[in-house]
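First chain written, first letter: the chains are A, B, C, D and E, and each begins at residue 1.
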Amino acid sequence: MLKLENLKKSFGGVAATRDVTLDFADGSLSAIIGPNGAGKTTLFNLITGRFPPDTGRILLAGENIAGLSQRRIVRLGIGRAFQVASLFPTLTVSEALAAAAQAHQRRETVLRSPFPLAATTKQGDEIMELLGLTRVAGILSRNLSHGDQKLLDIGLALALDPKVLLLDEPTAGMGPEERWRMIETVQRLWRARRMTLIFIEHDMDIVFKVAQTVRVLSYGSVLAEGTPDEVRTNAKVIEAYLGKSAHGTAGQGATA
Amino acid sequence: SKAQTGAIKIGVPTILSGRVAILGQTSVGGLKVVFDKFNAAGGINGRKIEMVVRDSKGAPQEAAKVTRDLINNDKCEIILDAEASSAAFAVQEVIREIGVLCIHSNSETSSLTADPKLHVPTAFRTARQGIHDAIGGGDYAAKIAKAKGLKKWATCSPDYAYGRSNTAEFMEYAKHFDGNIQVVEESWPKLFQPDYTEVVTKLLNAKADAMYSALWGGDLVAFIDQANLYGLFDKQASFMVNLGDYGVVDQVKQFPQGVYSGGRYNRTVPATKENEEWYQNYVKTQKHKPTNWSWENAVAAEFVVEALKKTDGDTNGKKMAEAIKGMTLRSQFGTKGTVTMRAEDNTLIDYIIGYGVSLSKEPYVADFQASAWEPIIELEKQWKKKQGYIS
Amino acid sequence: MSAGEILRVDDIDVFYGASQILFGVSFAVEKGQSLALLGRNGAGKSTTMKAIIGIAPARRGRVFVRGTPMQKFTPDRIAREGVGFVPEDRQIFPEHSVEDNLKIAIKPGVGGRIDWTLENIYDVFPILASMRGRMGGRLSGGEQQMLTIARTLMGNPDVVLLDEPSEGLAPIIVEKIGELIQRLRDMGTTLIVAEQNMHFCLDIASHVAVIDKGHIVYRGSIDELRANDDVKKRYLAV
Amino acid sequence: MDLDALLRCVGTTSCVVTQLTSGMIIGMLLFLIASGVTLIFGVLNVINFAHGSLYMIGAYAAWTFYQLTGSYFVSALGAAVAVGMLGILFERVLMSKVYGSNVLMQLLVCYAVVLISDDLIKIIWGPVPLSMGMPPEFRLPPIRFMGGVIPPFYLFMILAAMAIGLLLWLVIVRTRFGSIVRAAAINGPMVSALGIRVNLYYAAVFGIGSALAGAAGALAAPVRSLTPGMGFSILIESFIVTVIGGMGSIVGAFVASIIIGLTRSFGSIGFPLFVDGVMFLIMALVLIFKPSGLFGREHR
Amino acid sequence: MAGRWRDLGLAALGLLLLLLVPVFGAPPAIRDFIMFGMAYGLLAMSLNLLIGYTGLVSFGHAMFFAAGAYAFGLAMQSGKFSIPGAFVLAIGFTALMALIVGAICVRLNEIYFAFLTLAFQMLFYNIILGWVSFTGGDQGLMGGIPRPKFLGIDLADRTQLYIFCSVAFVVCIAILRQVVTSPFGYTLRMIRDNQERAAFLGINVIMVKLACFVISACIAGVGGILLTLFVSGAYPNFGFWTTSGEAIFMILLGGSNVFLGPLVGTVILRLLNDITVTYTSHTELVLGIVILVLVLGLRKGPLDLLAERWENRRQAKAQAVRDAADKDAQAGRDA
């Protein structure tokens, strides 16, 4: 579905992405991990066209999308949620979802009819249902709790019916209980929509439990990839990322 | 119309804020001196005059609004428009519609009354008219130029309608009276430009024999101060039409020698007892020296007072206009002791204009030569023909 | 108040605009203790920290440092009373070099005491020494976290408030930060650490306060908490 | 448009020297004002629309001090200090109340101050334009240099402005004060949390910026007429300079001031009617191609 | 849908009220006040489409006010156009100008956008001043704007002019209302709140901003036309930056988050202006002090304050709904 070939990107002197080649199968659920500053977020930025790669190709269903504008890429079916939830603070949840959905609507109706259009309302309601946001429908985005903000961020991406969904640390800043609830929601979503889902995560419990495949980035390159078990025991990964106490639960330091 | 009771209200839209607040202040001063006297003498039919002064901030649309409000809301029966030029045109349009008596007392732009397209029967002007000034000044300049051999001229005037037309007209008549004169350099600083350095150096580079400037007020003071640093006035003869104003000459600290200034209000021009008395009275009551605007407004007020006497206190626009049209007033501001509101174009003539040599101390001007009005009127007629105002 | 008590939070209410976040929060810390402030997302941990340092002043109730009430004091004044603050989002000065970031914060502690100098900071944080000329904004998340802690120490605080020091960091970095905090504790620095991650705190804290929806719901020593499964389940979801 | 004249001018050293210095004169005074604007913006993130008024007050204060003391240097110094203190007052009493709120609210406060100070000037000093006149120590014949003419006062003015600018730059870039000020610019609350009295620094910065405006007013007083509202046009020009140089950059303000000064001096010969237009055009071009200005940092 | 009819009803009611003013023989001064206010009101309202709804702080909006005024005035003075013809021509010209200026400006953000619009405005102003033969320079379009009858309407008559202005005004306000309540309006809000995210939702941010810029310029142009009709002339200071500044102040004095806030601000500022002008010659001092009191006292436009209260109450309700739902869920989990 999504294929990255020899991607390179540097900012000034800093090479954020050195040479990344990765393949994400259609309908797969994969995790990307790696130390802080490894270039994970940058990789998402490249895929979504926030900035173009210096060299390399990004193939979506066989078509090279490298260098296209964010807008085009979104329309081709790549959605994204952000490491720090990126919302519309003064819109309520239902407004935000309807507005996001209508970004897809036909143009002629845009000035003539009142907001929100019936179709977008329906789509927004479905998304709220799916993510458990119906209870906060009337709350302004800026007044949402942290977890609901992250969910809404995902919801906004869903409003575009993406084929590939990129989630940047969906559980960042959450407590253990919320983390699991969030990840369950993500899994439910993945099953319901049958999309290709890629997420970045620092919580190893989650990664190793949920992901089908795990890719490890370090200093902008792919350090390892494979099933959770393969990665967990990879010596290079332990050294660069997991640390000494790593036995799959390093992030939580829990002694199993 | 019906006999009215209460004061006769006269609306005065003017500028009381911003950089040219002095315009409003000294205009109102000029009006007040006259109306106070009128009221002290008992007014007319028991009615006194009450001025309603409003600040338009110099914005034409505000001037129009203020004028309408003065008439409609404050029930002013007469408008004395003490606005600067562009706002005067806006006031003119209001008067066209409402038809009360209006006297423009500050706008010197010739077309306001000269252009028949703009003519409004109840609107008059007591401000000096640009073209009169230019003809008189051109004549004077040509005489000096011939005597001293000043052939190459430069100009330095503010870049807006007044500065441009004033300068063009002055140079046109200077050339008319002395065919040898040619303009080699023009500079157009912006109105209220704080720094004239580049203008001064440009004038220096031009190496002209003489310079004409229509700068006024604080701008002229700053220009002189800055030009002094470069010794500009030692290198050329200078004609500055607005140098005579007290507000300017009082402020210039290093007064250049031998520059020529146009006649603005001066207590010694004419050197009569009436004029000196008027000056003393003005300073005493208004606590500042009169400006050019003061006398122009004083004359406007005199016309109103005289006209009221003629109509027996009826302020109807048409009747007042009829009274004022062609009226000749005794006035110390006139060349022959009188000034006249010319009937054909509702504009003032026979007032004193002219040029003299500037001095750094009182009386600030020497050898003042008042311009003769016959050639001015003759040339004005030709000018009007050329503009297509008359056939 | 016991003799060793250095900081006391006494029944404070904190509001953001119209919404009340903290409801009568109280606790005290003695010199040399390290208190873990545990609670879920949005429970009010950061708000408590901000109330202590004066960024989000309490509308009711008081904060004492060494017995002196701090209300009406601005953050700088409170910092000069010996309170150091390590914010959750780090707030490095991105266009200052690492060394300038540290130098800005130089100030003597209460009574002119100086525990920390640039040299011994670099001893404790060798990684910062190696990148002293680099712009703060160019550091990775983990390095920024270290720099933030070091920067706070430059002010020779008596009490250090650490807000979620392990958040968003790779496991290996979390381990390093944990070691560092242990070291500070061993040096006798009084610490208040806000965390959602209980396991991270178990190794470093001597006492615990649990906060939930703006109320303190549990206070005790770390060993008591270990034994109290009810609290762990209810408020910490373990 | 008279490009021939411009070519002719560029062909003669006397003209070039005269116009170059004239450009520097215009530029350096502008720089003093713009550096205050840019400093205050850089640190406090406030566009000080009242800066022109501070300049005006500086000029009037210098005029009064000069009447009282008869010494130009004392009055210039006095004006700078007085306006600096006024600036601190302005910051403490008014501006500090609207930090962090809507930029437009800050604008409104500044606008109110502009209106009030214009009217107060009129009440205190009267509406008649005042002039200070050249202090006797500068009433010297102009210096001739390579055929060009340079008035001694202007030479003094250029050197004084440059010296002040250099000092300011050194303070901001080299000292702990500057380091804290730059940090406070980016994240004031954090600086405060480190135990630094950040409000003092804010007030100090506002005071320094105002003092610069006051000094500019004092430097301008001998050659410019003092009227209520005189700060207006210089304010617009100093904004142009600030934008071209990059909001917050002192070096940028310096370079841009010279650019504008030279545009004015040579423009008055080559395209006298379009000088203002060209200044705005330069500003527009800079904004289009490098919005953060020639020396500005990228947007945070 | 209901909202749509309610809005139209309110617009009709507003128009009716405006038209009743002359019927009940209100003095001309009141009508003048309203007409003046309508012209500036359109300027402020249209600017708020940029500032309040899209987050584009333009310092140059008066340039379109002046563009409409001059284009209309010049067309009428040429004698070749009827009033409706000149009206359409003026709007067309304003739209074209906005398209060109906007295409360059909307690429920039925040303060840079503000300064670039300011620069264009000053360029435009300089052109008006400099092109004396065409625009009359600083004297403006003098000599009055002819107002030939059309369709039996005679705008030289003040009452008919008042009616004409009222209709044009209400139509423009209705258009603005339509814009902000349409999906397009919500797109504008998204851009204001977070344009990066809006781009990631597939919105062509630049094009939307440009469209908004042009719409708002056209409405400002209508404001300019109304003012031209009122003063029977067009003057350069219509397009000076102080006029833009005044429009911004109107928005702030009223409130930028409520649809009609700028209109309230217009009334406040005009009243303030008229009152100070009437009772004092120290207009600046008084206006300055009043602004300070308003700003430091309220910190927000009065309507914004009300709206905030209302919004807070609504939010409290929504949060109560959430808390109840969460409690149920918790109970479910515990069970």
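To be clear about the criterion, contacts are C-beta pairs under 8 Å (C-beta built on N, C-alpha and C of every residue); 3 or more make two chains touch, one makes a residue touch a chain.
Just so you know, these numbers come straight off a predicted model, no measurement behind them.
J.: Out of C-D and B-E, which chain pair has the most contact pairs?
T.: Ranking C-D and B-E by C-beta contacts puts B-E first.
J.: Considering only mean CA positions as chain centres, point out the chain farthest from chain E.
T.: In terms of C-alpha centroids, the chain at the greatest distance from chain E is C.
J.: Quick check: how many Å separate the C-alpha centres of chain B and chain C?
T.: 75
J.: Please report how many Å separate the Cα centroid of chain B from that of chain D, as a whole number.
T.: Inter-chain centre distance comes to 36 Å.
J.: How many angstrom between the C-alpha centroids of chain C and chain A?
T.: The separation of the two C-alpha centroids amounts to 31 Å.
J.: Among all residues of chain D, which ones touch two or more of the remaining chains?
T.: 118-119, 273, 276
J.: For chain A, which residues are shared contacts with two or more other chains?
T.: Residue numbers touching two or more other chains: none in chain A.
J.: Could you list which residues of chain C touch at least two other chains?
T.: Touching at least two other chains: none.
J.: In their shared complex, at which residues does chain A touch chain E?
T.: 48, 70-71, 74-75, 80, 82, 86-92, 95-96, 98-100, 102-105, 109-117, 120, 135-140, 143, 156-157, 159-160
J.: State the interface residues of chain C toward chain D in the complex, per the touch definition above.
T.: 53, 55, 74-77, 79-80, 85, 87, 91, 93-96, 100, 103-105, 107, 151-152, 155
J.: Going by the contact rule set out above, which residues of chain B touch chain E in the complex?
T.: Where chain B meets chain E, its residues are 16-18, 24, 53-55, 57, 59-61, 64-66, 68-69, 72-73, 85-86, 89-90, 92-93, 96-97, 109, 111, 115, 117-118, 159-161, 164.
J.: Touching chain C in the complex: which residues of chain A?
T.: By the definition above, chain A touches chain C via 14, 34-37, 145-147, 169, 172-178, 202, 204, 240-246, 250-254.
J.: Which bits of chain D are touching chain E when the two form their complex?
T.: Contacts found on chain D: 47, 94, 97-98, 101-105, 107-109, 111-116, 118-120, 123, 236, 239, 243, 247, 273-274, 276-277, 280-281, 283-284, 287-288, 291-292, 299.
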